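Worksheet: the structure to be examined is printed underneath.
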Amino acid sequence: MSRELSPHVDRLLPADPGVRELARRLYDAVAAAPILSPHGHVDAALLADDKPFPDPATLLITPDHYVLRLLHAVGVPLDALGRGAAPADPQEVWRAFCANWDVFLGTPVRYWFETSLSEVFGVTEQPSAGNADELYAHIDAQLRTAEFHPRALFERFRIEVLATTDDPADDLAAHARLRDDPSFHGHVLPTFRADRYMDPSAAGWTIAIAELSEAAGTDAGNYAGLLEALRRRRAAFRAAGGTATDTGVLDAGSQPLTSADAERIHAAGLRGDATTEDATAYRRNMLYRLAEMSSEDGLVMQLHPGVIRNHHRDTLARFGPDSGHDLPDVAAFTRPLTPILNDFGTNETFRMVLFTVDETAFSREIGPLAGFYPSVYAGAPWWFLDTPDAIARYRRSVTDSAGFTKTSGFVDDTRAFCSIPARHDMSRRLDAGYLAALVSEHRLTEEQAFALAHRFVDDIPRTTFRLPGGTASAS
Amino acid sequence: MSRELSPHVDRLLPADPGVRELARRLYDAVAAAPILSPHGHVDAALLADDKPFPDPATLLITPDHYVLRLLHAVGVPLDALGRGAAPADPQEVWRAFCANWDVFLGTPVRYWFETSLSEVFGVTEQPSAGNADELYAHIDAQLRTAEFHPRALFERFRIEVLATTDDPADDLAAHARLRDDPSFHGHVLPTFRADRYMDPSAAGWTIAIAELSEAAGTDAGNYAGLLEALRRRRAAFRAAGGTATDTGVLDAGSQPLTSADAERIHAAGLRGDATTEDATAYRRNMLYRLAEMSSEDGLVMQLHPGVIRNHHRDTLARFGPDSGHDLPDVAAFTRPLTPILNDFGTNETFRMVLFTVDETAFSREIGPLAGFYPSVYAGAPWWFLDTPDAIARYRRSVTDSAGFTKTSGFVDDTRAFCSIPARHDMSRRLDAGYLAALVSEHRLTEEQAFALAHRFVDDIPRTTFRLPGGTASAS
Amino acid sequence: MSRELSPHVDRLLPADPGVRELARRLYDAVAAAPILSPHGHVDAALLADDKPFPDPATLLITPDHYVLRLLHAVGVPLDALGRGAAPADPQEVWRAFCANWDVFLGTPVRYWFETSLSEVFGVTEQPSAGNADELYAHIDAQLRTAEFHPRALFERFRIEVLATTDDPADDLAAHARLRDDPSFHGHVLPTFRADRYMDPSAAGWTIAIAELSEAAGTDAGNYAGLLEALRRRRAAFRAAGGTATDTGVLDAGSQPLTSADAERIHAAGLRGDATTEDATAYRRNMLYRLAEMSSEDGLVMQLHPGVIRNHHRDTLARFGPDSGHDLPDVAAFTRPLTPILNDFGTNETFRMVLFTVDETAFSREIGPLAGFYPSVYAGAPWWFLDTPDAIARYRRSVTDSAGFTKTSGFVDDTRAFCSIPARHDMSRRLDAGYLAALVSEHRLTEEQAFALAHRFVDDIPRTTFRLPGGTASAS
C-alpha cells in the first residue's frame, strides 16, 4: 500500500463538483487569516522560555490524550507511551505510535497529524513501523533548529491571540514576561479556571485553598474569604489581559446558597467531613457565584459541563488524570442554568459560552438558549465532537435556532501546540463546505457566504470572547 | 453588498444536479396544491371580521415569538418590539426589525420572511436600516387595499382547511359566522385546547373553571363536573366542525386517578392549596381522561409535550407569555404514555399525533410507537425543529420505522398568517428533495415519489386529522 | 402504477455520479464475500433437520416482528397474520401482507423483501392484492424443491459462519448434529443467552432454574449453584464452538452483590416474594457476574440493553412476546457499566460489544468507550436502527472517536432466514457508499477504502467475535 503522505488540497471539502468549487474559493479566502485561539491548553511558559522542544514523542505523543486514548483502545499500554512512573524512551514511544498509525484512520487525530507532519515538519511518508526511526530523526533534528523553537512556530502559525488555561493561584509570570517582551508580538491571554476550588470534598481542595490564599494575599480559609480571593485573582487576570474564565463541572447545576450554609460547608470541607450532598450544593453555589462575578467584571464565562473524569480507577491510580479515560455524559443546560439565567441572563456585562460533549443538546438546548438570551453563545463542538462530521452536525443543528452571530467561532482546545494550525484549518475547510452547501441550496447568496467565512474567523470569535484587536466593535 | 430580494426558484432543493432536476419536478407537481393547515394559531375572528390588518409591525413582528426571540438574543429589548406595557410606534418596531435583518441569516425565519415579503407584498429589496421606512410604507399601503384583507389573502393563499386553536370556554362564534357565511368557502375548524384546566395549582385555574362552567352550562366546580363540562364543549367543537384537540404539557405523563383522589385535588385547587405533587398527579390524570374522551368521540388528540414555558422570570413579568423564552426539554413518550396506550392504543376511534422539540425522540420513540400502535401518528417537526435541516432529519429518522403513512403531514403551527404559504412551500420543497434523493438512491421509483408527494399534501394530513373533503377514504 | 420488481443494481449507493462510481467498485469488491453472521436468531435445528419450509407465510411473515409491527400499525390485526390462538390460513396471511405492501415503502423491510423476493425466489412483480395468490403459489412451489431446503439456501447464501441464540439449558443437540455431519460445511455456533436467569421476580424464573439445574447437572437452586451451572453450560457452549454470549436487559446497570445478599434474593425468588428492588439488584449483580465469567473464559459478551419489552399489555396477553411491541428506551452505558469496566475493562481476555436502540449513545458513549477500553467494541446499529439512514449516522458518529477497528462489523440479528443475504448486502452497499464519500472528501485514499471494505466483512467481525477461520490474527 502506498505510504506517501501528501494531504490533498481539497481535503474535507464537499464531493459535489459545483459545491466544491465554491467551497474551495471560500476556504481560500480565509485559509491564511490569523489564528484566534480563545480556548486552549498551551502553557504560556513554553513561549516565554522559548526553549527547544525536547523530542518528537514528548512533543507530539505523551501529552496528547486524544492519541493515548486510541492507542490504549487497541491494546498499547500507557507505560509504553511515556505515561508510566518510570520514564519511557521517547524513541520507543514514537515507534509504538508509528506502528499503530492505521488505528487513527477515519479519526480527526489522523487528520491533524497528517496535516502537521506534512506542513510543519515536511514529512512525506505515512508513519509506519518501518520508517519510525527515520521520521523520529527527521523531526528531532528540526526541533533543535531555531525555526522550530516555540516562538518561531507561533509566528509561522500566524497565531494572533492565544488564550491559555490557568489556575487562579498562578502568578501569571510567564504571561507578564511575554507582555513585557518587545520582541514578542502575539497576545497570550490567561484564562481563569477555578475548578480546583469548587468541590470541598475533593482531594486537594484544602491545599488549593491554601495556595489561593497565598496568591491572592487574603485568607480563603472561609467562604467569604474564598470569594474575595477569587475576585482579587480575577482582577489580576484581567490586568494581565485575560478576557475569559473557564469552568469544567460534572453538570451545569447552579443554585445559590445562603452565606451561612456556604460557610458551614466550607468549614466542613476544611475539616475533611463535607458530605456528598453538601459538596454538590457547594459546587452549584460556586457556579452561580462565578456567573455573578462575570456579570460584575465582564470576564466571559465558558462552561464545559458533562464529562465524567477518570472513568477507570486503575488507570487513574497508575497514570493520573488526562490519560484518556474522561468520558461524555448526558448534557442538560436549560433546567440547571435557570438560576444563573434568571438573575444574569439579560445583564449586558454577562456573557456565557456553552459547550457540550452530548450533541443532543445542540438543537434542544444550546441553540434555543443562545437564540433568546443575549448573554448566551453556542460554543463550538468540543472534545469528542471536534470532528468533521460532528462539526457539520453542529452547524446544521444550531444555526436554525440561533443564527450565525450567536455561535462562538472555533476553539482548538488543545495542548498539542503543533496541531493548532491543522485544527483551525480543518474548521475553516468545514465551514467553507457548509457555507457553500447553503449557497448551492439558495439559502445564502455567495456574497453573504464570503462575508460569513470572514466573520467566522474574525469578528465572531473576537466579539464572543471580547478579544483584543480586530475591526469588530467590541460589545 | 447586494440588497436584492428575489427568492431563487430552486431554493431548498438538493445541490446535486441530477437529484435537483427530479426534485424540481416533484415540487412543481404539488407547489400549487391547496393548503391543508390542521394545526395553527390564527384567530378565526380575523377571517370572520375581515378587517384590514393594522400595520406591518403589528401584523408581522410583534406577535411572532420566532422573531422576538432572535432580536432579543442580539440585544434588542422587547419593549422596542411592541411587547412592553407602553404602546410602541409600529414604524419604530419595523425599523428595529429591518436594522437587524442579518441576524436572521441561516434561520427559517429569514426564509419565511423572504418568501412572504417577495410573494405576498412584492418587496424586491432586502430589509435594512436604510430602506425600513420605504418598505413600511409599501406594505402599509397594500394592507389598506381590499386585496390584502384577511379573506382575500386566505383565498389567494389557496387555504382549503385552517384549524384554529381554541379554549373550551370559547363560544366559537367566529367559526359559526364563517360557516354560516355563503360568501366564504374555506373550512375554518376549531381545535379544542384544554391546557388551562389541567393544573389546579396554576394561577388562573379557578377563573378558568368558572368560565368553563359558564360556557358549558354545567358546574365544573368539582372534578366530575369538569369532565362533564369538557365533554359538552367537545361535542360543541365537533358540531362546529372540529376534528381535533391539542394539549401542551410539560411532560407526557399519564396516569388515571380514582374519582375520589381527583375530587380531593380538585377541591384543594379551588381552595388554593393543591400541592405540587397533587397538581402533577391531577395533570397526568387529566391527560389520561382527554385520551379517554378522544377514544369515545374520535377527536384526534394532538400532544405537544416537553416545552419549559417562560424560562426567564423577569421577561414573563414584564412581557407576559409567548415572548420568546419557552425552551425545549428532554422528551419521553414510550414510558409516560404507557397507561394511555395500554387502554386506548388499539381502539379504532382513538388517534394520537405526537410532536416533539427534542429530536432524539424521532428514531427512539415516535417512529417506533407510530410503527406499532394503529392509533399513533408521528407529528411533523415542531417549533424549534420546523427548519430545513431538522425536517430533513425527521424524514430520515421516522420513515425507517414508521413508513410514510403513519406520519402526520406538515403543520405550520403559526400565528403569523402571512407566513402560512411560505411555510407550506418550504415543506413541499424539502419533501420534494427528500423524495428525489430516495429515487436517486433507488429506494423509491419515480412513480412512487410522485404519488407520495401528492399524498403528503393531501390524503396523509386528511386521514391523520380526519379533515373534511378530499378523495381519500376517511378512516 | 408499474408493478415491476427489479431491484436496481446501484440501489443504496450515493447519488453523486463520481462518488457512486467508486462506491460501486467498492461494493463489487465485497458483494460476493462469504457471510459472517455473528449474531442472529435462526434455529440450528432448521439446518440440522433440513426439512422443507412449510409455506410462504410461515416462512416470511408470521415469525417476523418487523413485518407484524408495521402491518399492525395500519390496522391489520395480529390474528390475521397467524399470531392468534387459532391457526390462520397461511394463504390468507400472505394476502394480508400483499394487500398492504405499500405500507412498507421507505422502510428497510421493503428493501429486504424486494431483494429476497427477487434474488431468492425470482419474483418479478411487486406484491399486491391482485397477484397475492399467484406469488404464493410461485414461492410455495419452490419451497418444495430441494434447492430451497434450508441447507441448500445456506450454501447458496454463502454463509460461512452463523451464530444462533440459545438458552443455557439448551442441549445444543442440533449444533452437534451439524458439527458431526461431514456433508455440512458451515460453522453454526451457539450463543449463550442467559436472560431467563437474571430476574428472580419474573414469571418463569423458577422453572428456568429447574431446567438449568437439569441441563447443567448441578443444583441451581441457590445462587452459588446458579453461577456454577452457568459456568458449566458456558464451557459446554465453548466446546460446541460458541464464541460469544448475548444479554438483553432493560438497562446496563451492573453492581456486584455480596454472596450473602445474592443468596438471600435468590431464595426469595424461589419463594416468589422477591421485591422489585431486590430483583433489580440481583439482575445488576448477574450482569456483573456474566462479565466476570467472560473475563475468565473469553466468550465475547454482547450487551443489548434499552428495550422496553411487551409495551402493550393486551397484545402480550393475546399474542405473546416478539409480536412487535418491544420499544426503545433511553440508553446509558458509561455510568451503569462503571463497575464492570473498572474491574474487567483492561483485562485481555474480556471483550464486550455494546449495542443500542437509542442512537444518541453512538457519539456520546459507545464511540468514546470503544475509543479507550481495549475490551469494548462498538456494536453495529441494531433493530430499529438497522436501516440505511441510521447505519449512515452510526458510521458518521462512531468512527470519529473509535476509528474503524473498534467497530463490530455488521450483525443481521434476524430470525428471517431468507433475508440474511439481503441484510448483509444492504450493509455492504452502505459501507461502500460511506467509504466512497470519505475518499471523495480526501479523508481516505482509494487503497485504504478497498482495504477497509474487505476488513468490514472479514477480519473486523472475525476479531470482534473471535470467529473461526479467516486469515486475520485472532486476538
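A, B and C label the chains in the order they appear, each numbered from 1.
Going forward, a residue touches a chain if its C-beta (ideal position, glycine included) is under 8 Å from a C-beta of that chain, and two chains touch if they have at least 3 such contacts.
From a predicted model like this one, the values you see are computed outputs, not experimental measurements.
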item	value
Same or different contact residues where chain B meets its copy chain A, judged by the half mark	different
Rotation angle superposing chain B onto its copy chain C by C-alpha atoms, nearest 5 degrees	120
Separation of mean Cα positions, chain B and chain A [Å, integer]	40
Sites on chain B at which at least two other chains make contact	16, 360
Chain B residues touching chain A - in the complex, by the definition given at the top	1-2, 7-8, 10-17, 69-70, 72-75, 102-108, 111, 308, 311-315, 324-325, 327-330, 357-360, 384-385, 387-390
Residues on chain C engaged by chain A in the complex (per definition of touch)	16, 18-19, 332, 334-335, 338, 341-342, 345-346, 348, 360, 363-365, 367-374, 376, 396-397, 399-406, 437-438, 440-445, 447-448, 451-452, 475
